[in-house]
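Chain nomenclature is as follows: A, B and C, assigned in order of appearance, with residue numbering initiated at 1 for each chain independently.
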Amino acid sequence: MIKLDNIEKVYRTSRVETVALMNINLEVKEGEFISIMGPSGCGKSTLLNLMGLLDAPTKGQLLINGKEITSYKDKYLANLRNQEIGFIFQSFHLVNDLSVLDNVEIPLLYRKISSSQRRQMALKALEHVGLTARIYHFPSQLSGGQQQRVAIARAIVGRPKILLADEPTGNLDSKMGEEVMNLLVGLNEEKTTIVMVTHDKRMAERTKRIVRIFDGRQVG
Amino acid sequence: MIKQLFKIVWNRKKANFLIMMEVLISFLVVFLVMVSSIYFTDIYMYPLGYSYKDVWAVQIDTGAYNPEADKLKEQEIAKKIMQAAKDFPEVEALAGINVIPFDNNEWRTGFEFAGKSYSPAINYVTDELPEVLDIKLLEGRWFNKEDDAISETPVVINQALSRELYGSESAVGKVFESGLKSKKVYKVVGLVSDFRDDGELAELKSYMFQRNNLSSTDTEKMLLVDHFIIKLRPGTPAALEEKLVKTFTSIAKDWSFNIEALEDIRYKRMKSTLTPILTASIVAVFLMIMVALGLSGVLWQSVTQRIKEIGLRRAKGATQGKIYYQILGELLVITSIALFVGTIIVIQIPLLGFLNFVSIKVYVITLLISWAIIALLTVICGLYPSSIAANIPPAEALHYE
Amino acid sequence: MLKNYIKIAFLVLMRRKIFTFISLFAISFTLTVLIVISAMLDHMFAPVAPEVNMQRTLGIYFGEMKGPDSTWNGNPGYGLLDKCARNLPNVELISIFMENQTVNSYLRGQKIVSSLKRTDGEYWKILKFNFLEGSPITNEDEEKANFVAVINKSTREKFFPNESAIGKYIEADSQNFRVIGVVEDVSQFCNSAHSEIWVPLSTNKDQGYRREVLGRCVGLLLAKSPDDFPSIKTEFAQRVNNFEFPAELKNEYNKITCFADTSLEIISRQALGDPNPTKLILILIGLMVLFMLLPAVNLININISRILERASEIGVRKAFGASSWVLVGQFIVENLILTLIGSILGFIGSIVVLLIINQSNIIQYANFQLNYRVFFYGVLTTIFFSFLSGVYPAWQMSKLNPIEALRGGIR
């Protein structure tokens, strides 16, 4: 599904050079649920960003869904992200100006889909996360857990094969976190591949595999 | 503290650059508008040197330029007209004058004195002028019959010319030559403070009155009276004008007469000077409102964007007041950089030869006032965003880590 | 896609009321000023009545005599024009008239100040005045020195309120004229057409003007076509060059020049002393750009703030597959809608400002109006302005890294 081959990421500013990731070799197979763990600043978020094609590696080879990433041109990456990947963020990142329904429709806007079909797909995704009653609400009118469920609906609405989640329960209390985690596990059971960054041990234990990063290196 | 402020501003230089540009251009706009307003205010304060109340100017148009015309005969008719005006009981005094006050015309004469050339404004007037325009002499006397006997050309000059020619010495009684072909010899008989015939909003200049002796019959030296001014009894109705014109026309059928109160000429002149300045000022005020709104918006946004940084400072023990003054201080650093650059630009203007008529005093005052306006403007724009920043609780920072 | 852009744009503009208000204020104010200036320039240069033949007209306004000791600058005199400007090749009509003179009239104890222009009959054929009643001055009036006058509407109101003026007499400069025509008011900006009272040239009190070389006249030439301008100009210049000075001036002057100019050249010569209008136009454009600089920088700043404020949204959209160009398009549509609303407000503002200027009579009888030409200039400047203030921020946005956008957009 995702294959990282000898990936290296170095951040350069005019004065300092920071190595964020070194020699990362990782393969995520179809249907897997992987959690990436490590202390703050170890590079786990950078790893997720590379997998999500939000950032380009300094060195190394990356394969998504069997396709080798040969170019880091904006349009090409945007299209790949749109087709293959869904994102879930720690702080939800819902667009406050848009209603729940409009928020969920965002990934579909960048595909050639009619508006009625768009709406149908969005409603289906919202049904999946159990929020059909609140489609005309705005994000500010929802609780944190509900907001994250909207975010999950947005991530799955385009039926991507891969879900990338960056601390999806980090901003939630344990009960809501549990709910979100249940949803993710359910999605995985429906054959969605999920990679999740977390430092919550209890959450990581519910995944199938744990990858540990320390100081930019893979340690297990 | 200040060093740190500069550091913060420098680290955000990209974001701050455009704000600095905006402040800089605003400063230039304010400066240009202020320089003209202050210039005119300053110049308005100087004494006019005469009174225009209840004075009318009569313009005589004798028709086409004709070098062969009988000058003596024309002079006689002009004198008849002036006498007719004098006979009206409402007319208190009358004088012949070449350039009437507030009018656009200007005559200058050139001469050399002590190796330098001068070209003061010159006006040919008759002996009665001080009565009509209430001119006070500082020293010496006005023209009178005594001058018939002097061989030199008698002149009355203003203080500016006196200072140019003789410095702090008294000019009255001094004699100087025109130095040009005509070899005219002038004798200063009197000194007036000033005679600003272009009005209160015109540049100060050196001035010289020469006597126009209407009883002279020397056609070479004679200057035909084409304007005269009359002082009226206070409260004279405008209807007198019609009577005057009728009387004049009956004396000289082929000539045209135009009567206008000096006050009206002055008003027209002022209006034409002030209208463009007023327009520019109104536009500038709107521009500044626009800049103030824009700047507030930009600062407000940048504060909300920096919540994390500010929260962190609060968490590390910075007081609300410290944050408040930090945000304001950053703004002041940007402003002072902009003002510094702006001042350098503005100093170039006179060096390049523009705005030369503006004195250094006016320039410095303008600079100070423009600085104050811009500083005030930016501080006002910064008050609200700074107070927002100061009210950010330290917990916000941790919330986003 | 476009429908979506517009929908989102309106949502955003409604939600960010402060930014929307600031932007609208800046845009509408700037456009108000620009449209007012365009309206004034249009009023000056557009061939509207009575200057319908402006494109084919040359004006002779400036002359210069030079001698060993003296220089005399001024209007041409009747004598020079009569001799050199008549019967030029490819000229259909020529008119010689005097510059305006200020005259006083006294009516029931009230003083009325008016501009008076003394003209020939041809003047009324080159300039097409709108007559409210009566007819223009004819060549016959000029030959016979008939004391007849054409007056404008405002003058009629002053002398004969609410009645017809034809056949009635007005006194101006102690002369009595019978009114034969009433025309619409003509703006002060129309150099050769503006006046309030028009009378035959030959009624001038002093007949000495007929011999003047330089004096107070103006020549107006109506060419067959603008293509003939160069040949007319050279022929006229040549004739002036060969002009024989009258005896009384021979001692003082030996060289004379006089120019036939288009309306643009006249203004340029008046303002800069140089007939080539390129410099004048460049100065005007320069001043306009200079004026726009501050509003543009202000708008760029606001636009950048608006984008940064929504950094999080931009990050999300990028993460979910929006390419930079799609987002730039979104922003440009937003900006266009904003400028569109701003320019509508600007048009309303300029109508109000022009109304105030017209009412205040700062420029006599000027009737500045918005027409399709001014509208066109307005739209042009709007697009230019929107482009100027929108392109840099949009470019900045397209460079925005999605990770940083997501991080910076927190809140």
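We take it that a residue touches a chain if its C-beta (ideal position, glycine included) is under 8 Å from a C-beta of that chain, and two chains touch if they have at least 3 such contacts.
Fair warning: this is a prediction, and the values are worked out from it, not measured in the lab.
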| item | value |
| --- | --- |
| Overall pattern in which the protein chains touch one another (line/ring/star/complete/other) | line |
| Interface with the most contact pairs, given as the two chains involved | B-C |
| Length of the line joining the C-alpha centres of subunit A and subunit B, rounded to whole Å | 71 |
| Subunit B and subunit C, separation of their C-alpha mean positions in angstrom | 28 |
| Chain centre separation (subunit A, subunit C; CA means) in Å | 63 |
| Subunit C, residues touching no fewer than two other chains | 410 |
| Where subunit B touches two or more other chains, by residue | 400 |
| Junction residues of subunit A, two or more chains touched | 91 |
| Complex interface listing, subunit C residues touching subunit B | 18-19, 21-22, 25-26, 29, 33, 77, 101-104, 106, 109-111, 173-174, 204-206, 208-209, 211-212, 215, 248-249, 291, 293-295, 297-302, 304-306, 308-309, 311, 362, 408, 410-411 |
| Of subunit B, residues touching subunit C in the complex | 18-19, 21-22, 25-26, 29, 62-68, 237-239, 241-242, 245-246, 249, 253-259, 275, 283, 286-287, 289-291, 293-298, 300-302, 304-305, 307-308, 400 |
| Touching residues on subunit A, where the partner in the complex is subunit C | 49, 52, 54-55, 74-75, 78-79, 81-83, 86-87, 89, 91, 93-98, 106-107, 109-111, 154, 158 |
| List of subunit C residues in touch with subunit A within their complex | 1, 4, 8, 11-12, 15, 312-313, 315-326, 401-403, 406, 409-410 |
